[in-house]
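Report on the following structure.
Think of it as A, B, C, D and E in the order they're written, each chain with its own count starting at 1.
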C-alpha cells in the first residue's frame, strides 16, 4: 500500500518553512511517499496544527513531521497520533517535553544562539563589557526556539541568564530590552524602533531569525545607525546570507531545513517498512541537523565559514 | 365631571437637549370618557402621553393613577398598571406573528412544570385568545393569526395594535394619531373601534389632527400648546373654529376653560 | 370588521357611504412559478439553505474521497473539530439575533480557560471551584459588554472591539504567557479536561465537547422558540424601539443576552481545555471570525431578528466539512480559506435572492 | 410664510381662523449651562474631541518622559509608525462614512504590494509599470466589493469579510510566500521604496510615506467638504433611501467609494514597501483592526454620515502616541493594548455624552 | 381638458413578491392643473408615482412625457427631465444643511478651474439661491440656511421639501401625502404652497386622504383602486361622498368617468 506522510509547519509564509516543504516534497517523491502539507494561519496558531494532526490520523498517514507553534499546547494531539501508531517527528522546534515526540530533527538552537553570542562578544572585544544590546524575540508565549536561541546568545556573549528557561528575568545592565517580532519584517522594524527609543545607543542587536533582522535593519537605516550596529541572527537562508555579504547582518547561524525535511521523510519510510524509529545524535536528546556560523568577519575562537561557502549551503 | 379623575398629571417637564417638549404640563382623564388631545406639530402631545405611559421619564412633575402617585420606569410598568398605549409608530415587531405581538411581554406559560420550570409558552392558549379578541372587535378579515405582522397592510396593522390595547387595557387606553396614515375607510374603522372600547367602559385618550373626527367622538378636548395644557373645552360648547383658534394661538383661550 | 352597534354617526357626510364599501383587498396572488414556490419554502424555513448546502457538500466530498471520508471516525472528527466554534457560535447567534455583534467571544473564552487553569495551579483552588470562577469571569465580561451596550447605548461593535483588546491583554498579563501542560492537568485536575473524554461507538468518537455543543444548541433552540425570553430576543433584534414600547424590557434583554454570551464563552473555554489538553493563553485567536462565519453561512441576518440557531450549527459544520475534506484531498490550506471566503459571500447572495421574490 | 395671494379659500370652516394664528414655535431655549455650551461646541466640531485627547496625551507623556519624548525625532517617529495606518484609515473613513465597513483593507494593501514586487522581479516588468499594476489590482478588489454591495445589496461586513479571506489566500498562493529582499529592491527597483525616502530637518525625519499620508488626508478632506461627491457621500451614509430619492446615485456612489478605498489601499501597499524595505506577503495583518480603531477613536459614527477625516488622523496619532509613549516608559506591550481597548470604549462613551445634551 | 397631456402612463405593472402593487394602471396629467390621486391604503398610489418619478422601475407599461416615451432608471433622470417629487417620507438627508439638501444632485460648481478641475462647490451661490427660493415661497421662518435639516420641526422639513420641488420642477411637481403627519396649521401652509406653485403654471400631482383638501384644490381627481385607475372625476360635478363611494368600492364608478 501507499505510505503517506504529513508535514505540518508553523506557517506557510515564512520562507524557511516554504523551503522545508519543498525539501520534504522532493524527498517524498524520490522515496515514493505520498505527502500532504498543512500549516497554521500565523506563527502561534495551535488549533490549526491540532486539526492538521487529527486529519493525518484520519487520513491513515504513517508519520507526521511537525514544527510546533505552541510547544506545550500541541503535546496532547501528538500523543493521540502516536497512540494511533503514527511516527511523530518534531522539526526545527522541540516539543516540551522533548520526549513527547518520537524524535526531534533540529538545529541545536542553544548552540545557534551561543555561536552568534560568542561572535558578537569577540568582535566587540573590550567594548563588549559596556555593549548595549537589543533582543528581538519571537512571541510572547516564549516557544522553545525562542528561549533556546535567546538564552544561548546570552551564554555565548557572557550574560548571566538566571533561569535559562525563561526570557526576561536577567538583570545585566547591558540589556536594553526585549521585544517580540512574530518572526517577520514588520514586527522586526517596529520592535527595533521601540527599543531604539528606549536607548538610542544600542550597538548590538540579537534577532530570532532573518526576516526579523531585515526589518530591524530598516529601522536602523531610518535613523542612520545601520553602519555602527552589530546585527546577528539565525537561519542562513540565501537572502540572509546575501544580507551578510551586504553587511546588513554581521553573522548568522545557518540551519539546514532541507536536511531536517529529507531526514524526516526517510525516517517515516523506514518506520513504515521496519517499524524502527530514528536515533538521536550521540550525547544529545535530539537529532542534530547541524549549525554553522556564517560571517565574512571571522572572530578569534569562534569557528565559522565565509559567505561564499555559506551561499553554497544556503536554502531558499 | 364631578367624578374624580382616574389619571392625572401635574407639572410635567421634559427637555430634549435644547428643546423643552413639556413645560409644566397638566393632564386629567375621567372614567369612561374619550378625551381628545389636540395641538400644533411639536406642541408636545406625544411627549405628554409618553410620559404618562412610561415610555419616557419626565424630568419633573407628578402622575397619579386612581389618586395614587405612580412613576413608571418603562412601558411595561404602565401596562401592568392597566394603561395600554397605541403609539404613533405602532410598536409592533414586524417579524413576529400577530399572536406573538398581541402577547408580547405578557405571554401565557404552559400549566405545570413545563411552564414553571422550563418556562414553556402555551401557544394554543395564546392563539385562541388572540383570535377571540380580534373577532370580538370585528377584525376577522385577518385569516391567519400566525401570520407575521410585516405581511399585513397598514390598516390591518393599525387594527392589531388597537385590538391589543383594547383587549388588555384594564384602566386606560391611549392612542397617538391612530389614523394619521390611514385612508378614509380605514380611519373610520379605527374610530368605530374607539367607540366600541368606550362602550365597554374604558376611558380613552385620543390624539388627532383630524378636527371632524375629534369633535365627533370626544367628550372633552384637551388643547396642548407650547409644551403645556392651554385649556380644556367641551365640544358641545365650542366649535371647531374655536378649537383651532385656541390651539394655534389665533385667539386666547376662554377664562372658564383655563380653570377646568 | 363590520360597523358596530356603538354610537357611530359619521359627522362628515362623505363618510356615510362607507357602510357599503367593498372588503376586497388590494393584493392578489398572481400565478406562482416553481422557482417562486421554492423560494417561498426556503424563505419560510431559514435553516433550510445551509442544511441543503451541508448535505450537498457531504455528498460531494464522499464521492471524491470515498470511505476515508464516509467513515464514522472521520465524520465524528468533523464534529470534534467544530465543537468549539459551534459553542462560541451559539453565543454569537444570540448576540447577532439582537442586531449586535460580539467581537470579544474568543478573548473571553481564552481568559476563562486561563482562569480555570491558573486558579487551580497557581492558587491551588479545587479545580471545580476554579471552573466556577472561570464561568464567573466569563459572565462578568459579558455583563460589562451588556451594561455598556444596553445602558450607555454604545454600539456593540465598538464595545466588544474594546473589550476584545482589554480581555486579551489582561489574559496575557495575568497568565504571564504560560501554558499549563496537559500532563500536569491530567495528573492534578482532570476535571478541567472533562470535555475531552469521549463516548466511543464503533469507529465513532463523540467527545463530551461535541455532546455539549449539541445539547447547548438544542437548549437554545428551545429557549428561542418556546419561551417568552426567546420571543423578546427576536423582537429586540427586529426593532428595539417597537419592542420597548410593546412591553419588552429591551435593556434587561440586552444585558441578559451579553451575559449569557459570556457564560457560553466560558463553557467554550472549558471545552477548549478538553480539546487541546493544555491551557494556553494564545489559543482561540480565530474564534471571533470563525463564529461570525458560521453564523453568516448559517443564514442569520446581521441586522438582527431573523434566522435560526440551527442555521449556525449547519454553517459551522459546512466550514468543518470543507476544511477537513480539502485537507484530506491534500489541497493547499490557502485554497480552503479562499473557498470559505467564496462561501461567505455566496451564502448571503443566495439569501438575498430568496428574499427578493419570496417577499 | 404668510398667507399668499393665490386662491386660498379654505373649504372647512375651522381653517379660516388660521390667518390669525401665532407664529411662535414650540421650542424655547432654556438657560444653557457651561457644560451644555461646551457640549454644543464639541458636537458641532466632530474632530475636536480626538484633537483634545491627542494634545492631552502629548502633554502627559511629555511631562513623564521629558526631552526623550518631546524631541523632533521622537515626534516624527510617531508619524512614521502611524503613516500606514493613517493611509489605510483614510480608505476606511470613506467606507465608514457610507455606513459600511471594509474588512479587506489590510489584505488588499498586502496583495497590491506583492503585485508591485513580484511583477518587477518575477516577470521583469519595469517597476513603474508594476506599481501601476499594483494600483489596478487594488482598485479591482475594491470595485468587486463595491459592485457586490451596491448592485447585489449584500451587507458590507460580509462582502468584505469574504473578500478579506479570498484576497489574503490569493496573496499567499500567488506570492508562493516569497519575501523580496530590501537590498535587491534597492539595487534593481528603488522606486518601490520611494516612500521610504525622507526629508530631514534637524532631528525631524519626515519620510515620504508620512508626507503622502498628510497630503492624502488633506485631499480627502477637500473632496468630502468642498465637492458634490463628498456631499453625496455624506448623504448616502446618512440615509441611503432618502439620498437616492433626493437625486444621489447611491449605487454609483458606493461603487466609487469602495473602488477608491481599494486604490488607497494600494497606495498603502506601496508605502508599506517603503516602510519595511522588503516586499513581504505576511505584512499588514493588523491593518483592519488598526484602521477601524483609528476611525472609531476619531469620533466617526459606524452608522455613517457623521464625522470628519481629521478625526481619523487624530485617532491614529493618539494610538501612536500611546504605543510609543508606553514603550518608552517601559511598560509591557500588553498594557498598551489594554489601554487602547479602554480608549476605544471611552471615545464612543464621550461621543454619546456629547450627543445626549447637545441634541 | 382639450389640451394634450404633459405626462401619461399606460398599463403600468409592478409586483412585489406576491403582491401586485400596480395592475395595468393608467395615468394622465394636463398642463397647469392640480390632479389629486385618491384611494384606499395599499391601492398603489405611491407605487404609481414612484414609477412615474423613476424611484421604481415598473415591470411593464409605458410612460410618456410631452408625448415622448421615457424610461427613468433613477429619480435623477426624472428630475433632469423636469419632474420633481416630494415623497411620502420626504427624502431629505438629516445631517446635511438646508442648502445642501436643496441642491443635492444638482450642485453648482465654482467658475473657472476651481470648479472644472477641482470640482469645488460654489457654496455662496447655492446659499443665495436657496434663501431666495425659500423666501419666494414665504418660508422665511427659517433663519439659518446652513442649519442641519434634522434640527427643523416636521412642518419646517415638509416646507423645505416642497420648496425644493417647487423651485426646481420645470415640468411637473408630484407630492405624496404631504400633509399626513401635519397639524391643521401646517397642513394649511402646504396647501397654500401647492396653490402658489400652480399659479406659476406648473402642473401638480397631489396624493392625499384628506377629502376636504382634495376637493378644495383639485382640478381633477384620479381615483385609484386595486392597483389601477378606476376613474377620473371632476370635483365640481361629484361630491365627496361620491368620490369615497367609488374609491372604496361602495358604488361602481360612473360610465363617463371610466372613459375619461
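By our rule, contacts are C-beta pairs under 8 Å (C-beta built on N, C-alpha and C of every residue); 3 or more make two chains touch, one makes a residue touch a chain.
Because the structure is a prediction, the values reported are computed rather than measured.
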Of A-C and B-C, whichever chain pair has more C-beta contact pairs: B-C
Farthest-lying chain, centroid of Cα atoms versus that of chain E: A
Chain centre separation (chain C, chain D; CA means) in Å: 30
Computed distance of Cα centres, chain B from chain A, in Å: 74
Chain centre separation (chain D, chain E; CA means) in Å: 39
Multi-partner residues of chain B (at least 2 other chains): 40, 42-43, 153, 184-185, 211, 244, 248
Touching two or more other chains - residues of chain D: 12, 14-15, 18, 21, 25-27, 172, 334
Contacts with 2+ other chains: residues of chain A: 12, 42, 140
Chains touching one another, given as label pairs in label order: A-C, A-D, B-C, B-D, B-E, C-D, C-E, D-E
Contact set on chain E toward chain D in their complex: 55, 74-76, 79, 85, 87, 89-96, 100-101, 104-107, 109, 118-121, 137-141, 153, 159, 184-185, 188-189, 191-193, 195-196, 198-199, 212-213, 215-216
Complex contacts: residues of chain E adjacent to chain C: 15-20, 23, 40, 42-44, 211, 225-227, 239-241, 243-245, 248-251
Residues of chain C that touch chain D when the two form their complex: 148, 152-155, 157-159, 161-170, 172-173, 289, 292-293, 296, 302-303, 332, 334-338, 340-345, 348-349, 352
Touch list for chain C against partner chain B, complex: 1-4, 6-12, 14-15, 18, 21, 23, 25-27, 222, 226-229, 231-232, 234-235, 238-239, 241-249, 305-306
Residue numbers on chain B that touch chain E, as the complex places them: 39-43, 153-155, 177, 180-187, 209, 211, 244, 247-248
